[in-house]
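Beneath this line is the structure, given in structure tokens, with notes to follow.
Which chain is which? They are A, B, C and D, in the order written, and residues in each are numbered from 1.
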Amino acid sequence: MFFITVSAFTMKPTYNLDHAVIRFAGDSGDGIQIIGSQFASASALLGNDIRSLPDFPAEIRAPEGSVGGVSSFQVQFGNSAVYTPGDKCDALVAMNAAALKACVNDVAEGGIIIANTAGFSEKNLRLAGYAQNPLEDKSLAKFNIFPVNISQMTAHALADHKLSTRETERAKNFFALGMMYWLYNRTIEPTAEWLRKKFSGQPEILNANIEVLCSGWDYAVNAELFPVRYQVSAAPLPVGKYRSLTGNVGIALGLIAGSIKSGLPLFFGGYPITPASDILQTLTAYKHFGVKVFQAEDEIAAIASALGASFGGNLAATATSGPGMSLKTEALGLAVMAELPLVVVNVQRSGPSTGMPTKTEQSDLFQALYGRHGEAPLVVLAPATPAECFAIAFEAVRIALKYMTPVIILSDAYLANGAEPWRIPGDDELPDIEPRLTTEVPEGGFKPYLRNPETLARAWAVPGTPSLEHRIGGLEKQGATGGVSHNPEHHAAMVKARAAKIAGIADDMPSAELCGADSGEILVISWGGTFGAVRTAVESLQKQGESVAHVHLRALHPFPRNLAALMQGFEHIVVAELNSGQLVAVLRGEFAQNIFQYNKVSGQPFTADEITVFLHRFLAQKPVMRNAA
Amino acid sequence: MFFITVSAFTMKPTYNLDHAVIRFAGDSGDGIQIIGSQFASASALLGNDIRSLPDFPAEIRAPEGSVGGVSSFQVQFGNSAVYTPGDKCDALVAMNAAALKACVNDVAEGGIIIANTAGFSEKNLRLAGYAQNPLEDKSLAKFNIFPVNISQMTAHALADHKLSTRETERAKNFFALGMMYWLYNRTIEPTAEWLRKKFSGQPEILNANIEVLCSGWDYAVNAELFPVRYQVSAAPLPVGKYRSLTGNVGIALGLIAGSIKSGLPLFFGGYPITPASDILQTLTAYKHFGVKVFQAEDEIAAIASALGASFGGNLAATATSGPGMSLKTEALGLAVMAELPLVVVNVQRSGPSTGMPTKTEQSDLFQALYGRHGEAPLVVLAPATPAECFAIAFEAVRIALKYMTPVIILSDAYLANGAEPWRIPGDDELPDIEPRLTTEVPEGGFKPYLRNPETLARAWAVPGTPSLEHRIGGLEKQGATGGVSHNPEHHAAMVKARAAKIAGIADDMPSAELCGADSGEILVISWGGTFGAVRTAVESLQKQGESVAHVHLRALHPFPRNLAALMQGFEHIVVAELNSGQLVAVLRGEFAQNIFQYNKVSGQPFTADEITVFLHRFLAQKPVMRNAA
Amino acid sequence: MNNLIDSITSNGTAEHNFTVKDLRPAADVRWCAGCGDYSVLSQVQKLLPELGVERENIAFVSGIGCSSRFPYYIETYGFHTIHGRAAAVATGLKVARPELSVWVITGDGDALSIGGNHTIHLLRRNVDVNVLLFNNQIYGLTKGQYSPTSQHGQVTKSSPTGMPDYPFNPVSLALGAGGTFVARTLDRDLKHLGAMLRRAADHKGTSFLEIYQNCVVFNDGAFDEFTDKATKPERVLFLEHGQPLIFGANKDKGIRLDGLKPEVVSLASGEYSAEDLVIYDEHDPTLAFLIANLTYNPDFPRPVGVFLNVDRPCYEDEITAQIDAAKSTPKGSNTSLQALFASPGHEWSIA
Amino acid sequence: MNNLIDSITSNGTAEHNFTVKDLRPAADVRWCAGCGDYSVLSQVQKLLPELGVERENIAFVSGIGCSSRFPYYIETYGFHTIHGRAAAVATGLKVARPELSVWVITGDGDALSIGGNHTIHLLRRNVDVNVLLFNNQIYGLTKGQYSPTSQHGQVTKSSPTGMPDYPFNPVSLALGAGGTFVARTLDRDLKHLGAMLRRAADHKGTSFLEIYQNCVVFNDGAFDEFTDKATKPERVLFLEHGQPLIFGANKDKGIRLDGLKPEVVSLASGEYSAEDLVIYDEHDPTLAFLIANLTYNPDFPRPVGVFLNVDRPCYEDEITAQIDAAKSTPKGSNTSLQALFASPGHEWSIA
């Protein structure tokens, strides 16, 4: 093991910042995601609160150097709570002209742009659609431009290494990372350590990458590139062990934790679809936890197999996105009717139909609540942040097993790919889960639909249990016996029982929490992955003394018991969501006609800024704003 | 041809009735549907307004003589408008004990029960679950019981005919019909004529049936069975040619009429499912109209093939029920995205899941409105009566072709199988339909998503049209060109455009019509197949001087433009529907929180009576009634 | 990770012996009198106690259709699912619980129309379940529309002028999909039916058994030719492994191959003897496909019996093996929550 | 009933000649550089002008996948539908408009995983469309999970410890489903690819053409064995109707049948000559199945070419014929609205 030496001596003034937002951008092949997540890890290790967001090109590979092929990674880090990856970047690294083109509108005025001049060849400019070189005309006047021939500097640094041109070229991302580490006062060591592990068998590559990383740092020092240096100190985060977690991995881990805590093997039936495939793929890496992953022929088979596994007494789950969710509609109805536990994850993307597979949206709420034929109530939950995907998945398992019901989790593309630090919970921070498994042979025979008087859940007798043989299915039932019946009273009673069971779960779920005073001018209600943007906006308004509060819903059906009461304290209620107004329609129907709405349906997440602006405007001219979005 | 002679001489007094409700009931093999529809036809021919309702056993054949195997046919006929097959029967013919058991609760107090004593053997009683013979104990005291050994009388009548015992036994339904014809003063001739046609090649069966029919009549006269005789005179119906129409046949004819009026061949992709199969089956009989029926491998292929045909410029349609509708979810989203004309019929049955396939319900409204992932608006219509299925299907074709949109028709099991007289429209009573087909090659090339500024419909260029080659699909689009785009603004604009197109169709649909004064205490709102029961109840309350009005919605999305205004006139609004409160939830969200609801989810249609009772109670104690059902 | 399921279910203890009587449930059997489904039910009921499997370890999974009501009529575990999905549900059940004896009950519409994809994927994966396909060449439950095994030109409720398409041959389809056990039998030949059920139960892997089943109401007599005493001997070819393909009331006819072309020859004339005939080999997919293709050929008797019987690893065993392998790695020794949450090299602490 | 469609569309007038250039659309082709999809696109573009069909009478229908973007890249009518449903959409289109030349573009996931059922039903019905199945043995668009044609044990994003199930052989599946034209070709053998496309286009009925297609990103080199100059002659068996099954760089090997068992024999030693080999007969389903089953057998070269080519009536023709027959009955002479509404014997008038 050797030591890292970098130029430590620097005369530059260091400014302290509360938060900073940086972004790396380049071609799909430029290793952007790697350096982005390294920067995020390094910041987390320094104790910052962080939120990051990778952005991949749409699903078909665009030609190298084109705007469609740009890959980027943005991270916000701060000395206090950070809720989003940030609206505007304070610093952007653009590895080529296309990356600049794709990201320049997201850079804050006066922000830093480090541009790899080697990526601004005539061909690059043409592919990016630039008539002239933006680094040379005046078009970027409002930014701080730092042109650096990163490719060439990398080649210089590796002159003594025996690497191919291609290998050399591929190392340039670490040069950029080194510069940024200096600029934001991060430490290099964790990344070096990571490289050592990753390339333990390839010492040449390892040495080269470390060399380049250090060269980037040195270059920043020696070339006196930047007039200042920034420092973001540690945030007062809860004590504990942390790791970074994306929404998709969070869901996978939450399901496995549910399996451990319930003692039931996890069965996952899935079919690949963007942006949910990662859940399936992550789970395949946990076979040693007994996780059974079945890659089915389609989404119908995925959920059907999960229902079979659930009938067999496994903890069963499936995950998909919009088009796949639509295909699962019929089988979800069977899950409701059979009253089998099942967790169904919908990682929402832009719809309708194939829509925009890599873009985020919240437009499947209606479907989750109302998509099935017949009266088919079930539980709908939504995580607020990437890391919360873990907790929501675990909660979904708990509810599914306790109440013998399917539970839909509405995640989204933004949560799925976004990462944030997650404090690893201790073993006893997670409750035990007791499934409704029964082995007792009651007098008069087993009645599969006899309900627990408190939870209204039926008992779960699984094949293999002696003397509890019985049949279940999708036909209407007589009541406790589960015998097929077309009797009008039986049907009416069962429809009510199924609805009452789900409605009652509200008593077993946390109350909605208010951020802000419990009365005032505006209550903003949001759900799902928009939490960060809305919370940031509301807190900033609160700091400005505005009478604004925020409730973020994790339970969409049933609603938290205290929601109606919370709403009563406010003059105006505004529901902000990434659709044309779905939650707002439900709330209007359930609680009060007079609720305002703020919507965006563009495939992009909210920025905190646009919500702040909207609320400012709203406060200024409250009336006639309905359907303003 | 021979003449019919029946005993014409009768001394019995004849009472004039405004309306009467009768029902035939017997085993599945007893030919009940045949005599039921004969009675209905005979009544229609006498100028009565009629509504009838067949009721079949659930889908698996129950053992002969069991309650589960009972088949029945009810008809109401009147001298003024009749809206339903009637709540309680004035007369019931029960061919066996099971039929009595199944129907006795539906007989009005003091009503007539004609019981075929041969169907009350010990075995029959046991199968029906009677401990003792109800004809012999006092249990039927509140009815007028007429025990007749119909089987034996039939055998007597046919003593001279050379028929097998089985053939003889099978003729007994006509004996019952003959009795009822006498009792209600119907003419025998139309049925005789029908028999002549049906058995033209089997003179023995023909003669036997006519003999038995006449014997039933004669028996009623000669045995002086009934103390009185009833007469229901003709209703003042609009002048014209009439036929009887069930909902399913109505839909089939409406689609074909749409094909004729638009000049586009009809393509129907279907997959059998109760209670929608009849639509597919009916259409196969109209091949000479160029109707192409494709029995697909499943409901997904059914709708997908229809989309293919629509892309090819045919008038495309598909029909199914709940479980099949759930399967069509994903492809419906494609129809919205591709903006192709398509008529999708959902003949609702009791859900969720397989539910009760032969029973009616209105619980798929939410799904029709909200079932798809993403923002996927489309048009939802619902016929009010069996005959109106024709008009709604035709209207659906008109809208689909004019606006390039899928249209969902929500029929139900009650409408599908129910029949009513339908005044056959003249050729010019139906408007011409002009599809959006284009052949013009515009300058700058064809733009498939360029919208007509008035309707917002895109143009329809079908394969085979020179120089208009283009591609469509489920990915988001740039706007007019239809080029694939992931640009946030394009998506936002297209989501709005699709919604605006559908919302605008309200201007092209009839206003909601009010039955009653335009202000008052209660406005009852209903939709779909409950029309008859609600209208009957409201009119009866109006006659009693109550301040009740009725609006029946045929358009569920978009709502009629004048709906909000209509609602404003009333103190209270009550929505009555056969689900747990779906339309009411939508209306609350859209118009006013404070709307009451009356629901039933038992697989049975509303009776006029229960609605009347509810409204009476509501008028008596208006407050605290919310969610009363 | 302890597995709750293992702790509560039985583990092959001999105590749970049962008889046909134990299989009769409370619910009335509701098929039409004379329906072919009855004889399958009774043969299955007869077979189960002989399998050496506890009653509680048997599960029937069905789709929707007349035949799919089957689970209600047998006192084991049962799941009456949705139309066409039984194979997928059964796959999940078997992967979740490999120790169970899982049976799929399905119809020609259920398995081959709406459920065709799950059926072929089940066969491809070779999940160890037994598929009983009740082929009545009609949609029974929905009252008489044609199915993908109805015959070209057949008049049904949905084909008043004749079924326009050509039927699947379920055996050929199963062979093409990679089925490892593919057989056909007749509802009215109880002995053969019983024997085929037994063979299906004994096969490790997906057993695909097509059962010609008479629907007395909507397609009565569809198989009379193959079940009527008078015609059966001439019209049915029973396949038996290692035996020559002989048929006829007097066992005087046989199937011979001319290259790859099968032909019917008479053994009566003396020109051919049993040695000239095809000796059936149930391990040969080519022969299975060749014979299966005689199915709708009126010049040949209808082949019935085990067409193919070969071995291939079962899907659920592969899954189990991969899990066992993962468990036996060093990583596999720690399956605590903390091990689950660990992200070596990506963790940090805040103190 | 007049048919608006007939009046506005072209009817095979020779005016509408077109060239490859006319087929190039405005949209950029967006497959990865080196993707096998490009060569199929260019061969199809080359073929279409030669078919004698007007450009406006050609329609491409696809599902979802990399390959399914194809319609965007060719200036004809096109419909990029949803995952797995292209076959069903194309069936509707062809039944609605039998005069069109309809092409289905699909992938191994699209056609055989989610779309398996529509694929086999299309084949059964023999709808006259041409199916081009781009088999790259991977899910390309979703970035590298295994598909039903991935190889047992293959490591992919969703099978880090090896694909647990066994693949379909698409050719065998198509044969089992009753396909009338079943063929296989290679993206990198342009001449063969072009010839097979032509054969597919010429066949009346469903043409099923499996194309081995290299995915440079997620499954690079999957077919190198069959496309690399060095190995191709030894590893590929080209099927040609009426020709003996010979392969090898020196054309010194052949396939011979021992009964029904195929074996590779050397022609070099003199023990066997071409006469001893199988003479390929593309009209024989048994032979097709036998040869198809060599597909994953490492001891045999990979068969490529037309496996089967037989005639059976097309579904859309049956539908059209039934309609024409109905139109020529007395009833068919009156298709007015009033004739539609009539219900003879069940009508009455109120005056």
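Here are some notes:
Heads up, the rule we're going with is that a residue touches a chain if its C-beta (ideal position, glycine included) is under 8 Å from a C-beta of that chain, and two chains touch if they have at least 3 such contacts.
Keep in mind it's a predicted model, so treat the numbers as computed, not measured.
Looking at the partners of subunit A and subunit D together, the chains they share are B, C.
For chain pairs B-C and B-D, the one joined by more C-beta pairs in contact is B-D.
Of all the chains, the one whose CA centre sits at the greatest distance from that of subunit D is B. Centre-to-centre spacing of subunit A and subunit B amounts to 47 Å, using the average Cα coordinate of each chain.
With centres defined as mean CA coordinates, subunit D is found 29 Å away from subunit C.
Centres computed as Cα averages put subunit B at a distance of 40 Å from subunit C. Centre to centre, using the average C-alpha position, subunit B and subunit D are separated by 44 Å. Looking at subunit C, one finds that residues 64, 82, 113-114, 116-117, 121, 148, 161, 319, 322, 325-326 touch two or more other chains.
Of all residues in subunit A, those touching 2 or more other chains are 287, 297-298, 323, 330, 333-334, 338, 353-354, 473-475, listed in ascending order.
Viewed as a contact network, the protein chains are fully connected, with every chain touching every other. By the touch criterion stated above, subunit B contacts subunit D in their complex at residues 41, 44-45, 47, 193-194, 197, 234, 237-244, 253, 256-257, 259-265, 267, 269, 286-292, 294, 296-298, 300-301, 304-314, 316, 330-331, 333-334, 338, 423-425, 427, 430, 435, 437, 439, 462-475, 483-484. In the complex of the two chains, the subunit B residues touching subunit C come out as 59-64, 68, 271-274, 277, 280-281, 284-285, 287, 293, 295, 297-299, 323, 353-354. Subunit D contributes residues 1-5, 8-10, 16, 25-27, 54-59, 61, 64, 71-72, 75-82, 85, 88-97, 99-100, 117-118, 121, 319, 322-323, 325-327, 329, 331-332, 335-338, 340-343, 345-351 to its touches with subunit B in the complex.
Against subunit A, in their complex, subunit D makes its touches with residues 28, 30-33, 64, 66, 69, 82-84, 113-114, 116, 139, 141-143, 145-146, 148, 157-161, 217.
The touching residues of subunit D, counted against subunit C in their complex, run 113-117, 120-121, 124-126, 148, 161-162, 164-169, 172-178, 260, 284-287, 289-290, 293, 312-313, 315, 318-319, 322, 325-326.
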